[in-house]
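Below are two complexes that have subunit A in common, paired first with subunit B and then with subunit C.
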Partner chain A sequence: MGLTTQSTGIYAFVEEMHQDPNFNTDAVIALAGNPNTGKSTVFNGLTGLNQHTGNWPGKTVVLAKGIYEHRGKKITLVDLPGTYSLLANSADEQVARDFICFGNPDATVVVADATCLERNLNLVLQVMEITPKTILCLNLIDEAKRKAIRIDRNGLERLLGIPVVPTVARDKGGLAELENTIHEVALGKRQMNPRQTIYHQAIEEALRELQAELEEVLQGKLNSRWVALRLLDGDSSIIDEIRRYLITSTTQVGKEV
Partner chain B sequence: MSIAEFELTQLPVGGFARVVGIKAEGLVRNRLLDLGLVPATVVEAVRKSPAGDPIAYKIRGALIALRSEESRQITVRALVED
Partner chain C sequence: MAANQENSFNHLVFKAQAVRKQMNTNLRDQVVKDIYQRAEEIAAKAVALPDTRNDLDRKIDNIVTSRIWGYPLMFALLSLVFWLTITGANYPSQLLSNVLFGFQEQLTGFFRWAGAPAWLHGVLVLGLYRCLAWVVSVMLPPMAIFFPLFTFLEDLGYLPRVAFNLDKLFKKAGAHGKQILTMCMGFGCNAAGIIACRIIESPRERLIAILTNNFVPCNGRFPTLIAMAAVFMGALAAGTNSFAAAGVVAGVVLIGIAVTLLVSRILSKTLLKGVPSTFTLELPPYRMPKIGTLLIRSILDRTIFVLMRAVVVAAPAGVITWILANVTIGDMSIVARLAGWLDGFGRIIGLDGYILLAFLLGLPANEIVVPILIMCYLAQGTMLELDSIEALRQLLLNNGWTWLTALNMILFSLLHFPCATTLLTVRKETQSTKWTVLAALIPTGAAIAVCFLVAQIVRALGLV
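Up next is the complex of A and B:
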């Protein structure tokens, strides 16, 4: 079989994951976060030794996936490359963005460094713009305390409209609660109401116009507001990937029928 | 009284400045904004590499090295001490 659009990038990764005979999972969770937030410590803390690393087909980016069990459900975690953003253009950021957008994870956990929360929230807002099923994991909360940083967790939850779980992944602190939260969000047991970023009025008007047309094309496959924003950005790498995703998913629907 | 604006490149090591705006466009602009360099952000020049470029800046709790081609695109003004 030659390389087709369907056999590279996100599609190959997702396909390979599903073809693995040991792969029977109840939910797939994406783990995102800035570099140096302890994301991999959270990943290791949750999955222990049940993990595999693999190459993202077509790019030299290494991805780890791991499995753990919680309340009788098998949960697959995918550890994405550390990124500050999903909008710029490095290979790492494209992989993280493609998985969250087109890999259909059942929930996305963003691991943030509690000692410099401000700079981490940018990524949180970007992820929330793609998927409502976002969880914020406030890692290194012990170091924040040491630096006399107090975080109003309830206030943050209210402002963002997503669950916020403080952790000290190094000592496994808070990981049990994180598992519970992932369980509730991924299996649809928790009502999510993420705060939407509202842009300048002119942009909002353009978005409304685009969204109305996009709804027909997308048929619920992707978040129309997010796609409209990317069209306004004019970032061709994202637009190409969206086109590929729509073609691939249409062919697959065709096969099933 | 108006406070003079200058390019971040000119900030001496140990000095603080506040971001006024970013002249870059496109991906570079996105990247700088993603690093937390939005207007009103306070930046400290921490140290210079031996060749003088890049320079390490403290930005919102993280140490980030910028080349002069990037820092030249960032307009700042001196922090007024009170």
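Up next is the complex of A and C:
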């Protein structure tokens, strides 16, 4: 059919992932994180050698996909490009954002460097806005300990409202617990209730004006608060992408019926 | 249904636009500010930092990135890496070449025993096998030392400091500070460096980085540079001195960086006008690399990968070169004829026809330029046992080389057109034939101009 919305960009990638018999798995997990956090080590630690890389059609960013098995379930892990934010200043950020937003991952793991958590939290907060199924992987926790940085894990879980798992990925420490947490979140065995960032009063008022109506249009396909923020922000590239996604997902549902 | 939904969505887009106009605050800045503030608050509550955070790291950074020590330290480290590579590679290179060329004797014996025709022996043993043996014995040892050393610096966290030091220079040239990181990748392989240019957001600065990446000598050219540096120093003073040769190679890298800055500046004033964008450069904490992983990764992912690529290209190139050197038209071999055509131009820029021909035939991969050159020289004269740099120097001197030829060979190798793989990568990354052609023309122009100037100046001063 040539270049249709379904054959380009994220849709082609998602399509390819579902059609590939190797990736016909029980859940798809996105792996996000800042550069230099050991994200790839986590990815390698979970999937071992069971991975391959693929070019996202139309974009010049390479994504690695891998599979692992946990409690009899096959899990696909998608290694997103390392980014500091999802505000889409670069092709990498755009790919990461689009996948988390439109690729329908069953959970998104954000790998953070425990030695400089504050800087890493920006990305965590942005991911939480898009999807409630967010898990924070506190990597390099051994290094943090060596530097006498103490992190209150329970406090962090409470403040963010998402599961927090400390790991030492290069020694495979904590990866078993991470697998358990992914399993619970991805298969809906854990109630997720992330605590959203409350913005400046003027923004909150504007959001309230849009959110109710948006919810009707979105029908639960996307987070209304996040979409409202994007609409207010007025970045046309993401707005077009959201529109495209809404139309595509509607027609696809129609086909299945 | 879908159309209806699209209409309501579009309606909301307009509504949002109206709401935004009524707001007094800059939404995006405010959103970013609020997110940063919340991150700060959460970290303040959940993270207890020690008083002397990263104390040692900071002390090291103060020296490594200082105005006074930053540049000398970089140069010293670079020279050290090259010196270790050159001295360390000498012995295993000789051992490998003894073994591989010893095996060539066996092969020759076998072909004689089997009664194979001379041309078959020529194509397979003297062409294919000898070219392969050369590439393996000359390239493998330096790579097996250079790549782990480089990966060590990378894993240690030193490279971002290098970017930090050079950031100002690149800004002044109208380029992006991250360009230096893509250049670091270029040391391994220019094609990889060009792919790494994806980290640069602005299309303008990304193109500058892509077009100039070739001025960083890649791994395929290091053996050439190292061998030529040894020849060059040997021609100036008697005997080879690995310290001096390492200094020459480090100097060549500096020239490459200088040319990168100059060409970036010219590009940003002409074809790719614009101001450099700002970015935050993270100085990650120093980490002691895991030596086991480092060795496995750098040997498997880089060394073997690059070597296999070279071997794949070297095999057919060896065959073709042997045929060209041994098939005669009239009273001259094809190689001699082609070289004859190029010779006039070659002499003007301080090289000769065979050197230019070797660079042209070496387009598939820079690794095979020197092997091709040696085959060309050998095919027309006496046979030599090429088991050392000393023997190589003798061969080159016999073919009329001076120190100027060696110097210009180094400069031409540093600056000339990228290999075919790199050009294909440029095509893929830029999606543009125009930029791909420029990626070949700009370096070639620079190489010819620099070699011409050097040759003319040296000759005018009567130094050769």
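Please note the rule applied: the second predicted complex is superposed on the first by the 256 of 257 C-alpha atoms of A that agree within 3 Å, B and C clash if a C-alpha of one lies under 4 Å from a C-alpha of the other, contacts with A are read in each partner's own complex, and residues count from 1 in each chain.
In the analysis below, a contact is a pair of C-beta atoms (placed from the backbone, for glycine too) under 8 Å apart; a residue touches a chain by one contact, two chains touch by 3 or more.
Small disclaimer: the values here were computed from a predicted structure and weren't measured.
Within the superposed three-chain model, A:87 lies in touch with subunit B and with subunit C [touch as defined at top]. Within the superposed three-chain model, A:115 lies in touch with subunit B and with subunit C [touch as defined at top]. Within the superposed three-chain model, A:176 lies out of touch with both subunit B and subunit C [touch as defined at top].
Applying the stated contact rule after C-alpha superposition, one finds that A:212 touches neither subunit B nor subunit C. Subunit A is touched at more residues by one of its partners, and among subunit B and subunit C that partner is C. In the superposition on chain A, subunit A positions 84, 87, 89, 115-116, 118-119, 122 are in contact with subunit B in one complex as well as with subunit C in the other.
If you check the complex, the residues on subunit C that touch subunit A are 1-2, 5-6, 8-10, 12-13, 15-17, 19-20, 23-25, 27-28, 30-32, 34-36, 38-40, 42-43, 45-50, 53-54, 198-199, 201, 280, 282, 284-285, 287, 290, 293, 428-429.
Across the complex, subunit A meets subunit C through its residues 35-36, 60-61, 84, 87, 89-92, 115-119, 121-122, 124-126, 143, 147-152, 155-156, 159-160, 170, 197-200, 202-203, 206, 209-210, 213-214, 216-217, 228-229, 231-234, 239, 242-243, 246-247, 250-251, 254.
Note for the complex: subunit A touches subunit B at residues 84-85, 87-89, 115-116, 118-119, 122. In the complex of the two chains, the subunit B residues touching subunit A come out as 27, 30-31, 34-36, 59-62.
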